[in-house]
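What follows are several structures.
The two complexes that follow have subunit A in common; it is paired with subunit B in the first and with subunit C in the second.
Right after this comes the complex of A and B.
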């Protein structure tokens, strides 16, 4: 039995890597690649007649593998299947950090899952409220209800769009520019920020197309995503590289935070740094840059 | 008597000046008298040395009971020649008490195991021992202990007269009628013939076996007519599919790639990583992939590799063609890209095994090596490496150039996954020490990097570069926590193989394995 620390609702989640819960060879040490979160999958990666076996390996994986600081989330089967209730019991009994609700379409879906999670927590003697939730938005309805979904429970830490299913619903296909999902991504981001939770982009499935992958990750960063779902350890490095603040951004953020603290102590509210006007509105952004830089191992100072 | 790596060597093996391993460079400065062969004079001009059959060639070479044959392994697991020659000696000439002194033996030579079981082959001296030969030797069926040497240790032993070759057999992709041989230009090409060169010089008799007789003179020759007694033409010297694979591909396995990237990071953190550095790597997944990541660091710092040695394959040839490495010098070729490049691509040269790795000569290439990246079956907390015996104690590997390059290089990096199936690769005590820990500097695994405490300078390099590393003990504990701590192997007293250090001292012995029994309670 591996004791896991209490999950943090808000933490660094640049990369969430999907793995079939049924493949011990993959799940036994998926953390060695330095991914932020592991997503053990009971849903699409597991054949219909193997759901039971997958839950069995999932439980023993959670109980025997020491994932250290790596977050362990489980994607459960959709609420329209006969599997999700047992999935939840296994996740909670095994001590998963969080559950990803597949095909989430409404706040009610979140509440339904939450109810069963709580029951399982009581059943297995797990601290009530320990198990976090996130929602996968896979349909137009899910996107339209994104805000109520994200705000439905204090267990919710974020939402992610699932490209494959969403494109199917919209009768579009993948485009390199991302125009096929631009609106959905934008709406989901706005909803997540409004609800104060994190937001993650979908997987990039063509492992051979490095340029296309880089372009999509760059767009994710520019749009304001917190992270991305991945299908292969090879994809981790680029996200961490591109999501990390640049040296210039770190220096600038340091200057702003330091100057703000000095100036506000002296009673000054607005001032300039390198010729640019700075006031309190800039501080959260600069502090976030420094926190991210610290998490990426690029900042060792004491301002955050 | 216990040696410097803590292995107990039976005293009865320590005769005729044989010593136990004393540590790196122990033999430095000592003198040897080189052995010399007794060879026949061919003063009267001969039109051709071609004889009809292998048996005829053996008769001409005075093949007798107690004969020591040498073979080389450039045809790798596709080799037909060693089997043909031993079969001819046994079945047609009725020779007994044969010693097979090969540069390596694999499952291609399984039939030799039958001759061991029949008591006809009574001695084995080799670097690699795999397949059925490994099984029967481990089972104690060979009359004398097998002697396992590194690629550098073998030419040393030949020069010192510790192994005297009666008949050297050269498996030649091409030969002319008087025995000038090359590894290219024929039907079954192997490229370099580096391991055969010393054998031809030090054997009493030399027989060339080829399946492609070419016009005289076959130049530039790897083995030269001046040393050859007879040439035999056969239908086929080997199975082309197993001699040289199509281009060795760089692994796409994320685990291999992650380890390879860390290998490159470690290398780039040392002071030896500068313009003109030298490098050798194996062809295993993570070792070969290290090339890829190293190239990135080379580009970033705008430096080039001076030279590379070893067994060579396509990716290194590619770097040579792109001008990223100045010279490639090779003793063996692993794929068709390398086979087709040697002596064809400018600055791609052939070298002998002695030139490559012999610790007793005056200038082996390994002594000038900056980096070597090597694999391991097991590595223990003293950094001793085993590449010879499996976790069941059975012979199934090859020291090859491992101990030579580890000892010669300035920075020896071992790269291996922490576990393989149920086996812990990082362990308390390796089954057999094939490369002593005082020659091994850094271990890269998928669960972390460990630096040999004997190298505080390298620890500082990694720290300065911000490369995290842990103690090798913690890696061992991690491995055991994953797969469990194995029981000790059970051995009988009988020594079935002697593992010679490259300098000729005894590094370890392999004993007969006791059949495994489950306690019935």
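Right after this comes the complex of A and C.
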């Protein structure tokens, strides 16, 4: 029995790697990769006639394998299937950190899952409120309702777009520039930020196209995503590399935070650092850079 | 639990095991494993303990192991037994009889 610490609603989630819960060869040692979160899948990676077997495997995996600092999330089957209720029971009983709601389309979907999660927490003697939730937005309706979905519950830590299903609904296909999903990504990001939750991009499925993958991850960073969904361990390193603040960014953030503290103690509200105007609006961004740098092992100072 | 009909769970992939249960008298276990010399006894012990926990007294059990961890062996035996009783889909006693 491996008791996992209480999940943190907001933590570093640059990378979220999907693994079929039905494949012991994948789940038995997924803690070795240094991925921020693993996503044990009960949904599409598990064949319809193996849903039951996947749950037995999932339960013992959660109870036996020590994933350490790697967050353990489970993707459950959609609310239009006969599987999701038992999926929730096994997730909660096994002590998963969070549940990803597949094909989420409304705040009501979140509330329905939350109700069953709470019932399961009571049934299995788990602290009520422990199990976190995130939503996968896979349809135009899900994107249009992103804000109400993200704001539906204090358990919600974020949302992710699911490219395959979304493109199917939109009758588009993957484009290297990302133009096919640009609007949806943007709308989801705005909704997530407005609701104060994290936001994750979809998977990049062509493992051989390293250049295309790099371009997409870079675009994710520039658009403001917190992280990316992955399908293979070899995709982890690039995201961690590109999402980490540069040395220049860290030095600049340090200067800004330090100068702000000195100036505001002296009663000054607006001042310049290296010729650039700085006021209180710049401080949260600078502090976030330092926190991210610390999480990436690049900053050891005491400003955050 | 009573084994009423043949059922199986698992795969022959590496790190997995294929477990089949059939109606029988007493427990009759047939085990083959890719790591028989190193872990044969341990696997047998896990299978028998799991069957005992599920209160299975009569069954013919076939295990083809491909280097599965104990937790996988348990999961596959449990699923095969529950399938045999048509009880594998919902209201599983997680943390009770399944532990």
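Operating definition for what follows: the second predicted complex is superposed on the first by the 304 of 304 C-alpha atoms of A that agree within 3 Å, B and C clash if a C-alpha of one lies under 4 Å from a C-alpha of the other, contacts with A are read in each partner's own complex, and residues count from 1 in each chain.
The criterion applied here is as follows: contacts are C-beta pairs under 8 Å (C-beta built on N, C-alpha and C of every residue); 3 or more make two chains touch, one makes a residue touch a chain.
Keep in mind that what you see is a predicted model, and the values were worked out from it rather than measured.
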Next on the checklist: Under the stated touch criterion, which partner chain does A:268 make contact with: subunit B (first), subunit C (second), both, or neither?
Outcome noted: neither
Next on the checklist: Just to be sure I read the superposition right, which of the two partners does A:194 touch: subunit B = first, subunit C = second, or both, or neither?
Outcome noted: neither
Next on the checklist: For A:2 in the superposed arrangement: first (subunit B), second (subunit C), both or neither?
Outcome noted: neither
Next on the checklist: Going by the contact rule stated at the top, is it subunit B or subunit C that touches a larger number of residues on subunit A?
Outcome noted: C
Next on the checklist: Going by the contact rule set out at the top, does A:28 touch subunit B (first), subunit C (second), both, or neither?
Outcome noted: both
Next on the checklist: With both complexes superposed on chain A, which partner does A:232 reach: first (subunit B), second (subunit C), both or neither?
Outcome noted: first
Checklist entry - Where does A:59 make contact in the superposed view: on subunit B (first), on subunit C (second), on both, or on neither? => result second
Next on the checklist: Taking the superposition on A as described, I'd like to know which of subunit B and subunit C A:94 touches: first, second, both or neither.
Outcome noted: second
Next on the checklist: Contact-wise, after the overlay, does A:128 reach subunit B, subunit C, both or neither (first, second, both, neither)?
Outcome noted: neither
Checklist entry - Where on subunit A do the contacts from subunit B and from subunit C line up? => result 28
Checklist entry - Within the complex, which stretch of subunit A touches subunit B? => result 28-29, 32-33, 232-234, 297
Checklist entry - What part of subunit B is in contact with subunit A in the complex they form? => result 254-255, 257-258, 446-447, 466, 482
Checklist entry - Hey, which residues of subunit C end up touching subunit A in the complex? => result 9-10, 13-16, 68-72, 74-76, 78-79, 82-83, 88-92, 94-95, 98-99
Checklist entry - Can you name the residues of subunit A that touch subunit C in the complex? => result 23-25, 28, 51-53, 55-57, 59-61, 63-65, 82, 85-86, 89-90, 93-94, 124
